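Sharing a structure here in structure tokens format.
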Amino acid sequence: MTELSNLCLLLVILVNFFALGSSRLGACIHAVALQGAVLALLPLATHGLSVHTLLLAAGALALKGILIPWLLLRAIREVRIRREMEPLIGFVPTLLLGALATAGAFIFADLLPLIDAHQGGLFIPTSLATLFAGFLLLISRRKAITQVVGYLILENGIFIFGILLAEAMPLMVEAGVLLDLLVAVFVMGIVLDQINREFSTLDTEQLSALKE
Amino acid sequence: MEMLARTALHLTLLLLFAPLLQGVIVRTKALFAGRVGAPLLQPYYDLARLLRKECVFSRTTTWVFLAGPAAGVAVPILAALFMPFGALPAPIAFTGDLLLFVYLFGVARFFTVASALDTGSSFEGMGGAREVTFACLAEPIVLFCLIVLACIADAMSLTALLGPHLAATWRGPAGLSLGLVVVCLLVVLLVENSRIPFDDPNTHLELTMIHEVMVLDHSGPPFAMVLYGAALKLMVLGAPIVRLLLPVNTGFWVVDALVFLGGMLLLAVLVGVIESIMARLKLVRIPQVLIGTTMLSGFALVLVLR
Amino acid sequence: MIWFVAGMLLTALSGVPGLFADRFGRGGERLACLLVLAGTASATGGVIAALASGAPALLTRPWSVPGGELALRLDPLAALFILPLCLVVGGGAVYGLGYWPQRDHPGNGRRFRLFYGLLGAAMMLVLAADNSLLFLFSWEVMAVAAFFLVTTEQERAEARRAGFIYLVTAHAGALALFAMFALLAQETGSLHFPAAASLAGGSATLLFLLGLFGFGFKAGLMPLHIWLPIAHAAAPSHASALLSGIVLKTGIYGLLRLTSFFAVIPAWWGWTVLLLGVVSGVFGVALALAQHDLKRLLAYHSVENIGIITIGIGLALLGRSFGMSELTLLGMSGALLHVVNHGLFKSLLFFSAGSVVHATGSREIDHYGGLLRQQPWTAVCFLGGAVAICGLPPFNGFVSEWLIYLAAFGASRGEGLSLRLAVLAAPALALIGGLAVACFVKVFGVTFLGAPRSAAAAAVHHDAAPSMRGPMLTLLLACAWIGLLPGTLAPLLQSAVATWVMPAKAVSLAAPLAPLPLVGATGWVLLIYLAGLGWWLHRRTRQAPRDVSTWGCGYVAPTPRMQYTASSFADSLVSQFRFGLWTERHGGKVKGLFPATGEFASHTPDAVLDRALLPGFRRLARGCSWLRARVQNGRVPTYLLYVALTLLILLIVTAR
Amino acid sequence: MMLAALILLPLALVPVAWLAPWYRVRSWLLPLAGTIHLLLVVLALGNVPDAAPGEWIGLDPLSRLVLLVASPLYLGCALYAVDYLEMRRERGNRTMVPCLLLFLSALSMAAMSRHLGLMWLALETTTLASAPLIYFNRNRLSIEATWKYLLICSVGIALAMLGLLFFAYAALRGGVPVSLLLSDLLAAGPVLSRPWLHAGFVLLLVGFGTKMGLAPLHAWKPDAYGEAPGLVGALLAGGLTSLAFLAVLRTMQVMAAAGAQGVARPLLLGLGLLSLLLAALFMMRQGDFKRMLAYSSIEHMGLLAVGVGIGGLATFGALLHMINNSLAKGCLFLSAGNIHRAFASKRLADVRGALVALPFSGALFLTAFLAVTGTPPFGIFLSEFTILRGIFGAGQLWVGLAVLVLLATVFIGMGASVLAVSQGEPTERDLAFTDRFLLVAPPLLLLLAVLFLGLYIPESLRLLLEQAQALVEGGT
């Protein structure tokens, strides 16, 4: 099954780059939704069908693939912002950094010894690469909503790694993780809403009054 | 018993002969100026006249005004008890009496200046300021000289410092520093007794005075005590110089006493000569001279410690 | 020992009942004063009992904190510090009744008395503690209590500034002591104080340097004296008396305790202490000479006297490194005696200065004048204190300085130039003494003699209240007692020195102190001479007219403002120290043929604090806020960047 | 059972608080919950034995310590909250109270969970529950602070999750059944795969360090503490940081079991010294006394990290310091909150003479400052001195001296601000606000607790601390 999962993982990486490169928020969010959906496939692709994996996949799909993206889309529809204007770091540099980070992820992954079952899998590098991509998005964008997207991608990276240990981890913890993610994004959504009310923009440049 | 006798001798020499030195100085200066000059005993007449006179006090003065003259006389009399007069050893001698000697004069200075300030006159305040300034600069010199002598004598009492070993020391390697000590002590003597070139005892312009201006308001008996105290001070401070220059011990106390008196008279003449041939220094120069002298005494010390 | 502990507790709690007393009533302050007196008396009794018993009194109880142990120890060394402490604390409490009555200070009187008692007790504990933790504990309590005394009048910006600087320096010093005691514990394996001369080698150098820094801050050694002048000036006078008379000495005490631990003393320790002492002495008195604020001036004189004490300690240390027990004895007993003396006469001076300030409402010396007529008692007490602090016979200051002089001279007997050069301390002492005489003639003359220079001084009509007069006279008598009967203290001094050096070395300590009675006798003779001559003069001039005005050299209408002021009196000397003082002068230029009315003012700020430290700190703070503005720039992305970078760096570090 | 009650009881009160229509009743639910919680904690400390291997919820010396700190602090804040909310009726307490209750429950769970995943969950919950608390004042600044707090802490906690997964994988690679149960991890310690273990530790350190507020992960702290109400600040600085520190200690336990302390300690030491340095520099001329308190909190977190990074006696001191710091911080923040209310400003420029304006709060503020900077007779003096003894005892001379210099700098910066606030003639202020009993008593009690710990450390507490130290140092 490794080929299939590797395929999915490559897809994930591609989505990372798309998210890093695209200036249109809507497209960005759709991409994240796609990533979530792909991630939902992964458990099945890795561990085969079982109640555990099915539940996990369902949860992932429901949250990462549908619910959260929908929330975000609603948010931007309300705020009526379409695109990420002049990011802190330009798109091309971000892409280059992303490429570097991915390469770094692959190198770093080689330092970590795998168990035989996972040999040849792209899980570790992909998850690290996704993590870094999320970080890059968080660091390089101005709009609060883009940062939420970045946070999602970061969480996806962690989720990828979690899948490796899917059968080892009790379901309850994963459920809790997913739930926490949901609540986190939900709270963020509320805060975004408030921010929008206060400032009538989601540009975090406005959100730098608290400084020395 | 024997100590009492020595004390009596000391005090008689001191109390009787101190004013004479002033007379000698004045006469010497007169001779240099080609005048006949006042009789040698003139200071005694002055004292007697002043003691008979009435006196007036400024309305700002208090009892402190009288403390100055009193200390001015009391201190030299007390200090003389620690100072050997020539070959005559001091009545009282113990380790460290030399510091007592130095600090007693500090007491005198304190009260003299205080009584000057008591009048509330700007001139006397000025005099007091100058007095303490120069005294501060003079004290290290005294200490340096005392240390040198102490190192040579390896003792810490004036009698031992100025003991019979000096004659040998002059010939020995430490002779040079001994010479320097004499020079420094002479400078101190002139400063402390406010003589030319540091101060002019009989100037008539208040602004240029140091010691005289402090006693402007004293009159009658207090003034007599001031003058007498100055004379006593000159003799007590002159004694070590004389001893250093004439380190002779004949063993007969009469001869020793005469030698000492002769030495004191010569010293008075010397002071008179200096006053006649030197001009008065500018006030601002005096500190420089004193600091220079300090360097000199320090040099003497280094020579000894080496 | 029980008596001592009881006294300590009484003193500590003396201010507590007052908290519940009426804001304006006298009950609280009377009770507090009574408690302090009882406490100090009982503590004194305990100390004397411990001394009489011969062996040091010990008390050890468990204390359930890490490394803690309630270990107290009363030996002659501590006793020499505690006895004046008790006298001054008790006297100050009585003095406060008249100087700082509750009805005049309803706002801060109760707080003041609370911390006054606390300070006294904390100092007793510092001096008796035998365990590092207990020592640090009481040390810091002492610092904080003193801080609250300094900021008694916290509505005045000056007091706030003084308090802050004091608190900071005290804490900085205490932190150095933290390190020192931690290292000490590492050396000895426990926090209990090691026995005298039991430590060898190890991190001795570091211990000494840390201790010198920490204790030097408290003692006010020259570069570290920065807190002293402002704090002494800002505090109420009896608090200043306590600060300058006793609190500084705890620093000296600490230094002595620390040095007593070591078996071998490197020569450079003695030299360092000696040089620090000379610098503090000379520049302390020079700065004092340049001041025209009475209490600030007295504070700088504390620096000077601490310098004298340290010179003695330095000589004693040299004596130990070169094995000259006579040098050790003379230097150390001189230093210890000067500790006691300074405690007495400096408190006396602050008390009488307080009475002057209380009467005139100003600390400017140039606003005084002619106070002797209105305040004869204060004047006499101040005069006594002045003569004593100048080290002039017949008062106590001379005796201790005399001992230190002997030690300096004794150094010239040693072999090797490295020791003999220490004899140069003597001329330094002479210079210090001369300057001190100049300074105190100036203060006494300008304050109490001449004509009043200001309306306030002219309006003074009352002398110190009896409750203030009593302590002043008591201290004056104590000064005279040590000055006239110095022999009575010799045994105590010897045993104190014996506890400092290894007791084995304490042989043949009696000889060098033998001449002490003769010094005292000289004092008596001097007094008799002065009294006799003075009496004769007085009788001779009783009916002399006293209504003429001072001879103005022909000028007919001199005004009091024409008198020499404190600044002008000191000017000729201060100008000799131009290189170290940087006196600021404003105005005074006379231009043109018919000059208009001009004015002249001179002020001498503290060379270390105002010239070096404060500007440096301002620059540092500016740099900090600049950096802060860069780092905390308020942007979330930047903050997340920090997280990412930290992660990367740590990963790389561990991956290596 | 009792332990479950500690978690569930506050949880059960959440809906009650949500639904209860009466304002004051809702407020009083907090002290109620706090009191019961404290009682249960005291009972549990006495009766519940240490957790057996395999239990998900249980006590061990470390968790006992944290509960011992957090519960009284929470009760104090709860009592304070009653009058505070009474004063801020316009803000309403329908969000405040439930969130506080949720916070308590999550806090207990985080303190007692023996399963790292569960602990992670609880910590994240505390983050989420405290976000609305920071937003209590509902203005631009508070929303900004909330946003920063939420985003940064969530990112951090996510990293911590990855770290946990790495630990799990380390077990997998070690060939033992994967589990995040503390007992299993400790048992499997020696066989854990090193690369995974180290990487996981770094991730966990960064994650929990963000929550703890170690520099340079501290960035959210000044904003959050500055904008949140005083009692929230107290809970964050006193409670949450202790929890995060507990989490770090748990990871240290694992590292110690794996014999990898040599890797872990230098990292902690470095971060700790960096925090000290940053706090010391940034407290200089800090014009806002609540932000200054935040930096002070960073400083003390740095001290804790240094203590654990040195180990031995220093760890003991650090654990003691955790207790003292939480209590003192509670007092400091609560009294600061009062001053903030009274002067309606937290800028030094506008606040003067608190001692005169609010005799009790001002005195408490000043005293708590002295306490928190390690002045006897308060407990922090003992713990700091113990840490220092540990440092010097470990031969880390230069670390010790550096720490001392930094502490002195901190004292200067903090002292300047605190004295400026408390002394002098009061500036114009809201005269309606005065010291009320419930606004003064809680901080006073916390301060008394610190004072008590400075004068006397009960034998049982000493034993507890020693056991806890043994745990951190890798004993069983």
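Lettered A, B, C and D in written order, each chain numbered from 1.
Rule of thumb we're sticking to: contacts are C-beta pairs under 8 Å (C-beta built on N, C-alpha and C of every residue); 3 or more make two chains touch, one makes a residue touch a chain.
Because the structure is predicted, anything quoted here is derived from the model rather than measured.
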| field | Smallest number of contact steps required from subunit A to reach subunit B | value | 2
| note | Those chains that touch subunit D and also touch subunit C are A
| query | Counting C-beta pairs in contact, does B-C beat A-D or the other way around? | reply | B-C
| Of the other chains, whose C-alpha centre is the longest way from the centre of subunit C? | A
| When the C-alpha atoms of subunit B and subunit C are each averaged to a single point, how far apart are the two points in Å? | 36
| note | Per the C-alpha centroid definition, the whole-Å distance linking subunit B and subunit D comes out as 78
| Geometric centre distance via CA averages, subunit D-subunit A, whole Å | 31
| Chain centre separation (subunit A, subunit C; CA means) in Å | 69
| remark: Shared-interface residues of subunit D (touching two or more other chains) are 147-148, 151, 155, 195, 199, 222-223, 282
| message | Residues of subunit A that contact two or more other chains, please. | response | 111, 135, 138, 147, 204, 207-210, 212
| Among all the chains shown, which pairs meet the touch rule set out at the top? | A-C, A-D, B-C, C-D
| Touching subunit D in the complex: which residues of subunit A? | 111-115, 127, 131, 135, 138, 144, 147, 151, 154-155, 157-158, 161-162, 164-165, 168-170, 173, 176-177, 180, 183-184, 187-188, 191, 194-195, 198-199, 204, 207-210, 212
| Residues of subunit C defined as touching subunit B within the complex | 369-370, 372-373, 387, 390-393, 398, 402, 405-406, 409, 412-413, 417, 420-421, 423-424, 426-431, 433-435, 437-438, 440-442, 444-446, 449-451, 512, 514-515, 518-519, 522, 525-526, 529-530, 533-534, 537-538, 540-541, 544-553, 558, 560, 562-564, 568-573, 576
| said: Help me check something: in the complex, which residues belonging to subunit A touch subunit C? | reply: 88, 108, 111, 135, 138-142, 147, 204-205, 207-212
| Where on subunit B does subunit C make contact in their complex? | 54-64, 66-67, 69-71, 73-75, 77-78, 92, 94-97, 99-100, 102-104, 106-107, 109-110, 113-114, 116-123, 125-126, 128-130, 132-133, 135-140, 142-144, 147, 150-151, 154, 156, 206, 216-217, 220-222, 225, 287, 294, 298, 301, 305-306
| note | Listed in rising order, the residues of subunit D that touch subunit C in the complex are 147-148, 151-152, 155-156, 159, 195, 198-199, 201-203, 205-206, 209-210, 216-217, 219-220, 222-223, 263, 267, 278, 281-282, 284-285, 316-317, 320, 355, 370, 373, 375-377, 381-382, 384-386, 388-389, 391-393, 397, 400-401, 404, 407-408, 411-412, 415-416, 419, 423-425, 454-459, 462
